[in-house]
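Read from first to last, the chains carry the letters A, B, C and D; within each, the first residue is number 1.
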Amino acid sequence: MKPKPDLSVTIAGVKFPNPVLVASGTFGYGEEYGALIDLSKLGGIVCKSVTLLPREGNPPPRTVETPSGMLNAIGLTNVGVDRFIQEKLPFLQKQKTRIIVNVAGRTIEEYVEVVKKLNPCKGIDMLEINISCPNVKEGGLAFGARCESAQTCIKQVKEISGFPIIAKLSPNVTDIVEIAQAVEGAGTDAISLINTLVGMAIDVEKRRPVLGNITGGLSGPAIKPVALAMVWKVANAVKVPVIGLGGIMNTQDALEFFLAGASMIQIGTANFVDPQTSVNIVNGLNRYLKEKGIERITDLVGKLETK
Amino acid sequence: MKPKPDLSVTIAGVKFPNPVLVASGTFGYGEEYGALIDLSKLGGIVCKSVTLLPREGNPPPRTVETPSGMLNAIGLTNVGVDRFIQEKLPFLQKQKTRIIVNVAGRTIEEYVEVVKKLNPCKGIDMLEINISCPNVKEGGLAFGARCESAQTCIKQVKEISGFPIIAKLSPNVTDIVEIAQAVEGAGTDAISLINTLVGMAIDVEKRRPVLGNITGGLSGPAIKPVALAMVWKVANAVKVPVIGLGGIMNTQDALEFFLAGASMIQIGTANFVDPQTSVNIVNGLNRYLKEKGIERITDLVGKLETK
Amino acid sequence: MNNQRTITLIQPNNRDSEPPLANRYMLSQLSIPVLSKNILQEKIFRLTLSSAYISQRAKPGNFVHIRVGSTGNPLLRRPFSIHSVDISKSRFDILFRVVGKGTELLSQANPGEVLDILGPIGNSFILPPKSKEVMLVAGGMGIAPLWFLFTHMLAKGFDPSRITFLFGAKNKRELLYLEKFKKSKVKLLVTTDDGSLGSKGLVTEAFLKDIIGGNRDHQNLAVYSCGPEMMLARMSDLAKEYGFSCQVSLETNMACGVGACWGCVVKLSDGTYQRVCADGPVFDAQKINFSKIA
Amino acid sequence: MNNQRTITLIQPNNRDSEPPLANRYMLSQLSIPVLSKNILQEKIFRLTLSSAYISQRAKPGNFVHIRVGSTGNPLLRRPFSIHSVDISKSRFDILFRVVGKGTELLSQANPGEVLDILGPIGNSFILPPKSKEVMLVAGGMGIAPLWFLFTHMLAKGFDPSRITFLFGAKNKRELLYLEKFKKSKVKLLVTTDDGSLGSKGLVTEAFLKDIIGGNRDHQNLAVYSCGPEMMLARMSDLAKEYGFSCQVSLETNMACGVGACWGCVVKLSDGTYQRVCADGPVFDAQKINFSKIA
């Protein structure tokens, strides 16, 4: 018998039991899926974005299905960082998995405020800084779309953060490499990509946008090719670890991201389709490495041959 | 009996019998589909991009299917403008439909040269200037991705073009409106969007990119939400007519684009799925207008309610 | 689906001081065989599904979230109310109309096929004290959860002669279960859009006529309603105007179905949003801000 | 599909001075009913399709481009060689192995279902003068077009004793039609990867042994081959080395299937690309630059 393959990954000093995270906004605060999957099997949970103040979010409808994908315009609905710490974090702290808190803000000061409030908290392993939400008027994508603002935001957050940080990037840009290098320069510990692509759907009968917010963010298998291309480009241009996401539905998809250069992956929309997806992929990776006689998942990262 | 609805559209003085075009690169030079559909039923044919010199294109594989879409990296394979005029144009000139020649180049000079060679030709109604091809190393997207280069290219082409021109834009940009306004400022007669999104697929078994060119352009239903959002934004920001494309498969999709502000549409990948798509949509639009008692297709353009 | 633990899931939302409507704590992901399929009318199907787990736990108002097809198109699950339950036979039904590709695919499921189902989900209708006069107001497929509520009430010993069932549909063919209603001794009022049976027009207007003309004590009414959004908006207005209690079961686009994504929200009169999947689908009609749903 | 004109489609590609391999001029889009389905082996299916149009026009080497499923997943059509034709009964067969979701869906097509098919497409094998010694070399599903070529030759009066058929497969179960081969009096050589029948190893090596040991006049050979790319690359090398004529039927990813998109190209030795759908699928093995396909 070959030894059990090693799925563990260490990023910025944080050791994850396996490289499969669940993506922000698609897994609530963990508790919502607690009845359906064994959370301790996950590499970690990335929580729904938290902001300084509670946010009700956008008017409904907030989601609509599209070919092999979905649009969402939730609008960063969340209870705000104070209630997050009181009401949501205790459940997460008890879980035997890594916890990454995703932070969003309307201004750089807000990002900084939220991080300051999180700094004293136990049970948080990393922060993911969402500079890429397409569904809010201020902040979000406004920061992530231009090098200077992305750099400033990440720099200021990194300066005061008590946790290693991940910069979460938007695909809605001309040159993702430029942005990735900017946030690397600002000191981010890792980069995750992609957030959703801006999209729209129209109700022809009503002659209205389907979404209350008019536009929304496209996710799911439809965007996997776009995500993969960006992960590959960024992984080849930065030294910090890259976390890949966008349309990953199964082990095969996950392997494509590792080969392209992702050190870890996140599962988003697939949680809605089958809550077992993330756990299935952990098992699938184990099986794959065993079958191929590969010792460590890290041996696959960036092993794409392009010559 | 109500009178037959009016599907005709006039753009830059060119009257089209209906607003349904077939998209560049997906319909060859028309003759390839001549046995399968009645070309005279189309609003017009946009030919495969022509360049100054013949191009062999990229190494295979050149296409791969993705969820609700496909990647292509053809690489502007074409016979070059001289042979285009000698060998391909005569067939097109004989067709009872409008002919739009799509032009690409590695340098602005090449665009200009090609247009000069086309200027004396009969049977061409408009030119579409492809500043958005993601699958070539030089030119293409390099021009379309930045305002200045897009503007310069379109300006120089417009100055010497004997035909009205359409600027074909890329979705791989941070701010499509900025680019659209730049080419409007440069004097384009119309804007078409979107070309393909940059994407990638990986063969896990071989640990190689599926495409010979590593990355390719994503098209098909998967990208429809992205196309629709961009068409809506651009149509609300420019005065020149907008031609919408990206993932249109049926009449319903087409209607979404008209409501979003497209004056005309193009059918691309759908031709591969069902060569009848464009003709079916022409018929479907006729039926829809009749059923709803709408006299002219132009009455639908931009009629999206967002309040 | 190797994991079917039934751990407490979502903490009840205690924003308001009322008793929670919900029994929300037993969501599970199950592989459930189709026992039989009935085509009740053109495009209206009833599937009987075999699950001891769900049949034992389902309450009227609960729904299930079903994966339809595995090609990725459609991608997301589709929600359907639990339409009836037979605990002794470990089965339950869903009733649905084919409106798009998801319901189309589901209508092609054949006996023996196994469906991937999340359920039971959501809160449930609160039963009234037996002193109340009960009125059930269904529009079209709104019959799906109200039929379960109705048969549940009868089983719990509610007096059928104190129950009025108002049922509106496009035409008489879509007025399901007329025979069964007759046998039940309930007072049945039907309306159709085309006047092919009962009074022609909207079921809400028949309801209004009944509560005004019927000499009813509005304080003593317990009204339950399900149907198209326009209809529920009207019921909400009437509830506010006449002051009767009214529980409605809502439908919105759903992604996760388990309370995680906040995609399925409905706006309340106080300006806040609640999730139809985890805080509903049953809401107090008076508390919904229907003008902001559409 | 209201339009089934059969206009001349693609001008023959006259880059080289040889006679064109093709009969490419009668592509049509047809609605074709499935007559029957045979499961020959695990995952290997044969569909019999009813079409006077195609059966009358098909030549060995032609293929059809089939729309599999209508949910948009898979999106593109899938190409399959015409495997056999019965003109008198207005039918033709395709033979395929289930390798992914497209072939999976196609394998679920049942008699009576109607498929949306483009065809016949592509050029065809050029028959040799009857003075030649014919060798057919099939690997796996490569049997599909070669079987049509083989039966066509017999029907045209070729002497079976001058035909050698080499057939390689994974195992003996996948060596189809052994009985039929026996009856035909052709010389049959089989190989299997696992040695379960015939010689163990690659069919190309059995072929090599035969043409070296068999005292053959390589100038007088007419070789036809179809199979996995690695195998055809080897055949191409052998053809160059031993100087025999060899026609191969190629497979590449296809989008349009009608010559419009230039997606399906193969690289020739002169550095140019040709389309497998419109310029092939049959090519002179010596002219292909196989090292650049993979």
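Some points to look at:
The rule is short, and it goes like this: a residue touches a chain if its C-beta (ideal position, glycine included) is under 8 Å from a C-beta of that chain, and two chains touch if they have at least 3 such contacts.
Everything numeric in this text was worked out from a predicted model, so none of it was measured.
The chains in contact with subunit B and with subunit C alike are A, D. At the far end from subunit B, in terms of centres built from Cα atoms, lies C. One inter-chain figure worth recording: subunit A and subunit C are separated by 35 Å, centre to centre, where each centre is the mean of the chain's CA atoms. A separation of 47 Å divides the Cα centre of subunit A from that of subunit D. For this pair, subunit A with subunit B, the centres built from the Cα atoms lie 34 Å apart. Within subunit D, the positions touching two or more other chains are listed as 72-73. Touching of two or more other chains is recorded for residues 67-69, 220-221 of subunit B. Residue ranges on subunit A touching subunit C, taken from their complex, read 25-28, 31-38, 48, 56-57, 59-65, 67-70, 72, 74, 77, 220-221, 249, 269, 271-276, 279.
Listing the residues of subunit C that touch subunit A in their complex gives 1-3, 5-11, 26-29, 67, 72-77, 116, 118, 252-267, 271-273, 278, 292-293.
Those residues of subunit B lying in contact with subunit A across their complex are 66-69, 71, 145-146, 172-175, 197-202, 204, 206-209, 214-216, 218, 220-226, 228-229, 232, 247, 252, 255-256, 259-260, 303-306. Chain contact summary for the complex, subunit C toward subunit D: residues 69, 71-73, 101.
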